[in-house]
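Shared between the two complexes below is chain A, which has chain B as its partner in the first and chain C in the second.
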Partner chain A sequence: MNEMIDWLLLLGLGAVAITSLMSQSIFRAVVFFILLGLLLSLVWIRLDAPDIALAEAVIGAGITGILLLDTLGQLKKTGKLTTEPSPSRARLGLALLASLTLVGLLIWAVLHQPQPAIALHQQVADALPESGVDHPITAVLLNFRSYDTLLEIGVLVLAVLVGLTLQSKDAPPDSLPGLPNPLLHACLTLLIPAMLLTAAYLLWAGADRPGGAFQAGAMLAAAFILLHLSGTRLSPRRSEFLMKAGLVMGFGVFLAVAVSTLIGGRPFLTYPDGSAGMLILLIELALTLSIGLILLSLFTVAHTPAQLPGKRRQDEQ
Partner chain B sequence: MSLMQSPMPWLLVIPLAGATLTMLLPDRWRSAASALGILSQLVAALLLSYQVIQSGPQIYAMGNWQAPLGIALRADGLAMLFILMSALVSSLCALYAQSYLKAEKRANFWPLFWFLWASLNGIWLAADTFNLYVGLELLTLAAVGLVAFAADERSLEASIRYLYAALLGSMGYLLGVALLYGAHGTLALDSLAEHWHWGPTSQVAVTLIVGGLLLKTAVFPLHTWLPPAHGGALTPVSALLSALVIKASFYMLLRFWIELDIYRHLPSLSQLLGILGAGAIFWGGWMALRQQHLKWVVAYSTVAQIGYMLLMFPLLTAGQSDASQLAYQGGILMLLAHALAKAGMFLAAGNLMICTGKPDLQALAGMSRYRPLTIFAFGLAGVSLMGLPPSGGFSAKWLLLQSSLLSGQWWWVVVLVLGSLLSAAYIFRVFAYTYRETGEEGDRFARPALSMELTALTLSVASILLGFAAMLPLQLISLPGPLMEALP
Partner chain C sequence: MSLLEWLQGGLLISGALMFLVGSIGLVRFPDTFTRIHALTKADNLGLGLIVLGLIPASFSLSITLKLLLIWLLVMLASALSGHLVAWEARAQQVPLRQPGETENPEGTHE
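Right, the complex of A and B next:
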């Protein structure tokens, strides 16, 4: 039975991927891409990796899908959507050949994979009691390899920074009207608390089971984007500074905790004995909020009108 | 205090904190905070080099978890050289940018600049294959952001192209790392080398990693994204990209190549890299000769110079210890000389473009009389790029030449000599334009700030001085360490 599910998933993945690539209409391609993300998250569940499945569903299918649909909408609105002529036979054949070669190579490599000399998962299990959390993935992300995670958060902050830098100077003001639909608002009053509660649960659950800051932050972002789309603005109208502070807060708190350990004479990112759990929770709280805001900003950055730099300078003087 | 114990984490903390602060601080504090950050970076870099020279390579376990469970940082002679190089080039480029950029551009420049520096230091110090990937991602995004923030149509297009190429390269690298992890159970470079298992999995992994890194280094024929990105960016950004950013993936390639013994297992791949290098030298030189846009000449010259660095790979051959040593030293010296000379040349080119207000070579007429200092800086950088004595470029080519004669691969000598002639041709072509007479309209030139002329000159002079003081970096990179032990 399970084997049949696996084969179905595999075939489904291939079919959906090819449909998405070959589709003439971009809208169709995007929809199939979202479907691909959902199928992939099922594959991760079958591979016993629920953490990745959650992240894939929320970020791979959810946020990326929304971004793609939104870009498509923007392009249609501004009339910049051009349909590419379908690629020539030769190019198509070349692409097919390249991807098939890569797949063949990868299969060959995986089939000949030797037994690893080092059993890292055993080392993780051995060190888990000292890590301050009970879930090995959270332990790896926020303790054993926390340096990688710190830099990854840096990548997220950087992404939104590049987005803010590119914010088009002559964009028309955000004209998306609030939809005056009572049913929508009734749904929102039910949905938003549930989403916030789920985010909080995911954050808390990260200590001993799948979940954590990334998933919780993505869920938070989904709630923010839903609010944004139905007309409620979290955008930095009133204070650009406050928004920026929110964006870098997670990174800042993480960095501050990491540096504060240096002052006690411990190596960088070494949590003091006994307080690892607390510090990890603190970092994750800040990260959740920042990740939520970052993903929201990546979404709204295309809409919000840029503040005139000249005006900002006057404000400061 | 822990700063005294090891300055290593500070090389990352300072730029990361700098990025956060420059995002939040008001305009007038940004530059002050950055200046303070640059000074403390220089101090930390010098402290760490002192430690490395005194007591050999340093290992720093992040979070006090030993590799392979945790992530270790490692500072050996090679890493130190790169840290000092990026400290010198970045601080001078930052000084240049302070005068070059308008206030509203600076607001976005500083955070991106600090993220770029953090990722560079992270890559030089990394001893973990996945950590290197994260560093590369940070580097790519910062570099793409810096290219894009010129914010005209062409630079946006160039940055998107750059982003796609760089992401494809990262993906190849990541796939390779995943395969290596599956086969060895570890991500740390040291333990990978210790348990190295050369089978089909490793072969595919190495192919993917090398391919990805070659794309990111813009090695011919995968270089097409480089000229628009480096030629179209704002001047201080072009200098940072050509001098430092492409060196990061090259540095990773070199570490993998030597520490994981790839040169021993795949001698044919070494020759292939050499052939690609020769292709880059001729194609880059030829294209540089045909450009009409000053910065595109300099950008294509980068494509050609990457070729010289690649010539080191076929000369690193098992069983020929002396030739390999010379090749290693020559290649690294080449890289260092290029970093200094190319940064100097881009900054000088930027100054010339400010003078004329136009990017074209045609507009340079009369420049040699009007801006002798800038032309001098451009010329000194050119001397090093051509490889004329006495300059860093000459010493590097001399070492590579000796190495190829010693290992009996004389054909690389031909490539070196012909390539140098080609470089001379495209640099003298620029000069020829500056000596043309303008007639009576010679007084409409704008004037770049003195600090901008001096930063360009400092970098170019450094690339010449490197020829006299080549022993210093060579001693630094020959300090004992895992890399030196793995060298044939």
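Right, the complex of A and C next:
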């Protein structure tokens, strides 16, 4: 029975991916891409990886889907949406060859998997009591391999800073009017508190269950974007300084905790004995807020058109 | 199989059938408004039946409350999104259609 579900998921994934790629209408392609994200999160659940499933559902299907749909709406509004002629046979063949080679290599890699020399999951399980949290994924992300997580959040901050830099100064404050729909606003007063509560729950649950800062931050971002779409502005223009402080806060707190241990003569990015759990919670709290604001900013930046290169040159002269 | 399991099976299967009916309606119905009707009504009822079928599987209070909360939130969200789609469709003056009428080449449902 379970195997049948797996095969159905696999076939569905393939069918949805091909439909998304081959679709003539871009809107249909985007919808099928979102569907692909949802199916993929089901696959992660079947692989016993609920953490990745949560992240895939919220970020892969949710936020990316919103960004794609938003871009599509923007393109339609500005009339830049053109359907390209279908690529030539040679290009298609080349792409097919490349992807088939990759698939072949991946299958080969799975079949010839070497026996792991070190039992990593065993090491994680042994060190778990000292990590400050009870969930192995959170322990790896924020304690054993926290260096990777620090760099990840650094990349996110960098991305949003680049986005903000590309924003033109004289762009209109917001090119997106809120929806004046009374039912929407009535429902938001119910939905927004529920979303904030869910974000807090996800953050708290990360200590001993699937969850954590990234999932909670993405949920927070979804609440922010919903507010933004309905006309309530949280945009950088209203309180630019606060917004920028919020964007870098997660990275800043993480870095501060990482460096502060150097004062006590301990190596970079280690936690003092006994206070690891507290510090991880502090970092995750800051990360959640920052990730929420970063994803919101990535969304709002898209609404203020970047300066055209030609125009900028004129300004410099 | 006990009586409870039969009941569960019945609820789950009828829930899945509701989803199937809703999907068929989405594909077959002629215009935006009837499609919203098919989608939201069938989904709310289908999900409700599936939630009811899943509750006896655990009999844990926290899981039961979580399942009911999911149902409630999905109902709220689908009612809201259905309303918004209909509202926007009216604003764009999407035409009503009778079954069998051909769609215009642009395809307003996209």
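Keep in mind that, in the parts below, the second predicted complex is superposed on the first by the 296 of 317 C-alpha atoms of A that agree within 3 Å, B and C clash if a C-alpha of one lies under 4 Å from a C-alpha of the other, contacts with A are read in each partner's own complex, and residues count from 1 in each chain.
Methods note: a contact is a pair of C-beta atoms (placed from the backbone, for glycine too) under 8 Å apart; a residue touches a chain by one contact, two chains touch by 3 or more.
If you're wondering where the values come from, they're calculated on a predicted model, not measured in any experiment.
In this overlay on chain A, chain B fits alongside chain C without clashing.
Taking Cα centres throughout, chain A sits at the apex of an angle toward chain B and chain C that amounts to 150 degrees, reported as a multiple of 10. Once the two complexes are laid over each other on the shared chain, residue contacts for A:Leu100 go to neither chain B nor chain C.
Contact with neither chain B nor chain C is seen for A:Leu47 once the two complexes are overlaid on the shared chain.
Contacts of A:Asn143 after superposition: chain B is touched, whereas chain C is not reached. Of the two partner chains, chain C is the only one that A:Ala194 touches; chain B does not reach it.
Applying the stated contact rule after C-alpha superposition, one finds that A:Ser25 touches chain C and leaves chain B untouched. More residues of chain A lie in contact with B than with the other chain of the pair chain B and chain C. Once the two complexes are overlaid on the shared chain, A:Leu183 sits against chain C while remaining clear of chain B. In the overlay built on the shared chain, the residue A:Ala119 is in contact with chain B alone; chain C does not reach it. With the two structures overlaid on their shared chain A, chain B and chain C come no closer than 29 Å at the level of C-alpha atoms. Comparing the two complexes, no residue of chain A contacts chain B in one case and chain C in the other. Every residue of chain B that touches chain A in the complex is listed here, in rising order: 1-3, 5, 9, 12-13, 16-17, 19-20, 23-24, 26-28, 60-65, 68-71, 103-104, 107-108, 111-112, 115, 118-119, 122, 130-131, 134-135, 137-138, 141-142, 144-145, 148-149, 151, 156, 175, 179, 181-186, 191, 195, 197, 199-201, 203-205, 207.
Contact residues on chain A toward chain B in their complex (touch as defined above): 105-106, 108-114, 116-120, 123-124, 127, 143-148, 150-152, 154-155, 157-159, 161-162, 164-166, 169, 241, 244-245, 247-248, 251-252, 255, 258-259, 262-263, 265-271, 309-310, 313, 316. Within the complex formed with chain C, the chain A residues making contact are 25, 27-28, 179, 181, 183-184, 187, 190-191, 194.
Interface residues of chain C facing chain A in the complex, by the touch rule stated above, are 73, 76-77, 80, 83-84, 87, 110.
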